[in-house]
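The structures come next, written out as structure tokens.
What follows is a pair of complexes built around subunit A, which joins subunit B in one and subunit C in the other.
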Partner chain A sequence: MTISSIAQHLPALLIAVPLLTAFLTPLVGGVNRSLRVLWVFLGIAATSAIGLALAWKVFTYGTVIYVFGAASVTQTLPPDSGGIPIRIIFEVDAFSALMIVIASLSAFAITIYSLMSESECSGQDGFYALLFLLVVGIMGMVATGDLFNFFVFLEISSLAGAALVAYRVDKGVAVEAGLKYALLSTLGALCVLIAIGLLFAQYNVLNIAALASRLQFTTLDKIALALLVVPLAMKCGAVPMHFWTPDTYTTAPSSITALLVVSSQASLYALFRILFSLYGHLIHFSYATFGWFVIILGVLSMFVGVTMAIPQKDVKRLMAYHAVSQTGYMLLGVGVGLAVLGDRTALNAYGLTAMAGGIFHIINHAMYKGLLFLTAGAVFYRVGTRNLNKLGGLGHTMPWTMVFFMIGALAIAGIPPFNGFASKLLIYESVFRFSPFLSIIAMVVSILTLASFVKVFHSIFMGPRREEFAAAREVPPAMMLGMGLLALVVVLFGLIPQTIIDGLIMPCVTALVDRGAYMASILGGH
Partner chain B sequence: MNLAWTLHTGFGAWNPAIWLAAFAVAVVVTLLIRAWGRKDYRKGTNQTKPFISGNEEPSHSGGHIPASNLYWGFLESLKAYYERLVPLHTGVPTDYLIWLLGVMAVVMVIGLVI
Partner chain C sequence: MLRHLIINFPLITVVVVAFLGLAAMMFKRNIIKILMGVSLLESAVNLFLVAVGYRQDGIAPIFTNAPSTHMVLPTVQALTLTSIVIGVATSAMMLSFAMILYKKYGTVDIRKIRKLKG
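On to the complex of A and B.
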């Protein structure tokens, strides 16, 4: 297989490599432990390299189309198909590519961390098989251009995620959390499946671009829209459907929690894809209504998330509520863009900037929230408790973990010069033009976020050494490397925000707004 | 001014390099002020002990303020808000489903009306 051949089949390899790694892990693990570690490392390194290479290709040359099972991987409309894209097609545009970058970076750092944090636990073959299946689900959700195929990957990620949440039984608490996640995910996926059925029954196509070109916004289309949007909002943790988030994120192993954040963001991606690329022009008469729906979800998520975080005593539960809160910023930014989508003047004046802020916050949040969950896992790894009332003085013995935590905490609070500040600044300034009140809420939520993480920092790392943690010491190098990689991205994105905006974020905004280009990639004629 | 690293928000600009430079200057000024302090300061002597009305300084062990003691005033002032919000987080999966279905019903009605 030549390099050009590999480059041509990157979208297929993005799924095939982690899938193969997942199913062969139990086999390799049966030989010996060291071989499994090597296998898992090579698997995630290859997956991430493929993901980054594909993203580079998209950002350099434009949207990548991949048709499975066709004589030519770019032949979306076979001559005898009647103009219908009948095969499974991956359509990787800039927004998909950004999500692939997020998944690749996060999965790599998280897996390296897991190789050490889970090294003393049993059932590692199943653990890594499920972890790779979760990666498959996330990659597939953000790469596919087919609605039914999206449902399949949504199910893969949900089931793998639920199994991983429940994997370390923890006296039944983790199993209960896994059950909740599975129950809500299954019901949500069922709604998505019904919506797909409603659309397929009317238009005979499953490809998103083809569907977008045929939708008439009938009553059934409106019902399908609700059946698609609400479960995806639930999956990304939007208030008032966020209740599963703290339960699930708290009990899952910390590395898995960090990956579940990325999984939630894949749902957020799908939510935006449905609203912009699929239904886009059909809701032109009511952009403001749909925009305000997303904005209200965002504001509720921001405020309820942060205020629920402040009284928490379990560090991971506190961070889980902050994940809800930060999702609110993304919804707010993109929601403002959606609300003014029909007003070209407002869109150019501040709508595109708001969307850029919201989308930039997706990748920033994945990095710093992943980092924060890994630091919480590092603390638990050494002292065996997540209870903030029992922790204290660990700054003396775990200085690197403390530094990584500080980077993540300052980033999530929007303190310069870290990445969270850059995306929040874009959101504050652009949303202020739309509604000063919303912008002020966003700033107040940031202040409360800082207050919350000051409490966590004080509770875990400050104070005199405690006798019960006398044996605590810094975590092993592999865990530090995982945290360090994410911390590096947090710092780097904060130092060169305009480069990231120009290179990664604005192409995503364009991809979302230019619905015609998304359709033309499959159907031609743009 | 179009400096490298400058983020243009459309309404203003932000340059982390300038911020870092300002931060570095602040650190240097702080260190300079500190350097002008008393030179007869000796660690481990009575100079370093806090004056607590002549009483001995209590042991540091057990002196850590736990998380629950922080932000008491904030939580107390928002007691009415928390008394309504916290009970909604029941931990019961069927309650979670009701919220999901409720929101979906509302969205569906709005979608059908417009």
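On to the complex of A and C.
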């Protein structure tokens, strides 16, 4: 296989490689332990490399189309199909590519970390098989251009996620959280499937671009919109449908929690894709209504998330509520963009900047929140408790973990020069011009976040050495490497925000706003 | 009137079964019964998909001895098969969760399975 044919089949390999790795892991792991470590490492390295290469291709040459099973991979409309894209098509535009970058970076760091953090636990073959399946689900959700295919990947990620949450049974508590997550995911996915059925029954297509060109916004389409938006808002953990996040994020192994954050963001991606690319101009009569719907979800998430986080005693539970709160920023930014989508001047003046802030926050959040969950996992790995009242004085024995935690905490609180500051500043500035009140709420939430993390930092790392933790020492190199990678990205994005915004974020905003281009890449013409 | 009722009979069944499933999920306290509710809801959705795909006098796309090449594109049928397979995986996983919970807690009553709080 030559380089050019690999380059041509990158979208298929993005799914095939982790899928193959997942199902061969139990076989390879049966041989011996070190072979499995090598296999898992190679698998995730290959997956991430493919993901990054594909994203590079998209950002350099534009949207990549991949048609499965056609004579040529770009033949979206076979001559005998009657103008309908009948095959499964992957449509990777700039926004999808950004999500693939997020998933690749996080999955790589997380897997390296897991190789050490889970090395003492049983059932490793299944663990890595499920981890790779979760990666498949995430990659598929963000790469696919087909609505039913999206449902399949949504289910793959939900199933693998639920199984991983319950994997370390922990006297049944983890299984309780896993069951809760599985039930809600299934209910949500069934709603999505009904919506797909409603759309297919009317228009006889499943391709998102083809559907977008045919939608009439009938009553059934409105029902379908609700059946798509509500479950996806639930899956990304927006208040008032956030109740699963604290349980799930707390009980899952820390590395998995970091990956679940990415999978929630894949749902967020889908939510935006449906609002902008699928429905888009059809809701032009009331952009403001839909925009405010997203904004209110965002503001509620921000505020409720952070106020619930402050009194928590369990460090991971606290971080889980902060994850809800940070998702609010993304919803707020993109919601403001949606609210002014019909108004060219407002859109150019601040709408696009608000969307850029929201989308930039997605990648930033994946990095620093992943980092924070990994540091929480590192602390748990060494001292065996997550209770803030029992922890203390670990700064003496785990200096690197402390540094990584500080980087993550400062980034989430939006302190310069870390990446959280860059995206939050964009959101504050632009949202202020839309509605000063919302901007003030966003800033207050940031301050509360900072207060909460100062408390956490103090209770875990500060204070005198404790006798009960005398045996604690720095975590092994593999875990440091995983955290270090994410910390590096956090710092790097904070130092060169403008380069990232121009190179990665603005193309995503354009891709979201320009619904015609999304349709044209499949259907041709413009 | 009667004709409409007969034509829409599959869809009426879908609504009835879906509501039964939802009701079981919401009002039952036994995990096994909740999972039965999920299964019912899944069946309702599958039935909905198949009902949507029905074409009167349509010809299945089997080319051997076909009376005409004007055939029905079996997309929804394929979707339903996929969805059934996914449903099996989901049910199997959730039932195994129920088993583990029963072993650990000695009950399948969700009112008593509440170690998680917050």
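The rule we apply is simple: the second predicted complex is superposed on the first by the 526 of 526 C-alpha atoms of A that agree within 3 Å, B and C clash if a C-alpha of one lies under 4 Å from a C-alpha of the other, contacts with A are read in each partner's own complex, and residues count from 1 in each chain.
Following the convention adopted for this analysis, a contact is a pair of C-beta atoms (placed from the backbone, for glycine too) under 8 Å apart; a residue touches a chain by one contact, two chains touch by 3 or more.
What you see is a predicted model, and the numbers here were worked out from it, not measured in a lab.
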**OP:** Considering only touches as defined above, state whether A:501 meets subunit B (first), subunit C (second), both or neither.
**Re:** first
**OP:** Would you check which partner chain A:187 touches, where first means subunit B only, second means subunit C only, and both and neither mean what they say?
**Re:** both
Subject >> More subunit A residues in contact - subunit B or subunit C >> reply: B
**OP:** Mind working out whether A:162 is in touch with subunit B, subunit C, both or neither, as first, second, both or neither?
**Re:** second
**OP:** Please indicate which partner A:175 is in contact with in the superposed arrangement: first for subunit B, second for subunit C, both, or neither.
**Re:** second
**OP:** Look at A:246 in the shared chain and tell me whether it touches subunit B only, subunit C only, both, or neither; answer first, second, both or neither.
**Re:** both
Original post:
Which parts of subunit A are in contact with subunit B and also with subunit C?
Top reply: 179-180, 183, 187, 246-247, 308
Original post:
Contact residues on subunit B for subunit A in the complex?
Top reply: 5-12, 14, 16-17, 19-20, 60-61, 63-68, 70-71, 74-75, 78, 81-82, 85-86, 88-91, 93, 95-97, 99-100, 103-104, 107-108, 110-112, 114
Original post:
How about subunit A: which of its residues touch subunit B in the complex?
Top reply: 179-180, 183-184, 187-188, 191, 219, 222-223, 225-227, 229-231, 233-234, 240-241, 243-244, 246-247, 285-286, 289, 293, 304, 307-308, 310-311, 313, 349-350, 353, 388-393, 416-417, 421-422, 425-426, 429-430, 432-433, 451, 455-456, 458-459, 462-467, 494-499, 501
**OP:** Note which residues of subunit C are touching subunit A in the complex, please.
**Re:** 25, 31, 34, 38, 41-42, 45, 48-49, 52, 73, 75-76, 79, 82-83, 86, 89-90, 93-94, 97-98, 100-101, 103-105, 113, 115-116, 118
Original post:
Of all residues in subunit A, which touch subunit C in the complex?
Top reply: 86, 148, 152, 155, 159, 162-163, 166, 169, 171-173, 175-180, 182-183, 186-187, 190, 193-194, 196-197, 200-201, 204, 206, 246-247, 250-251, 308, 312, 314, 317
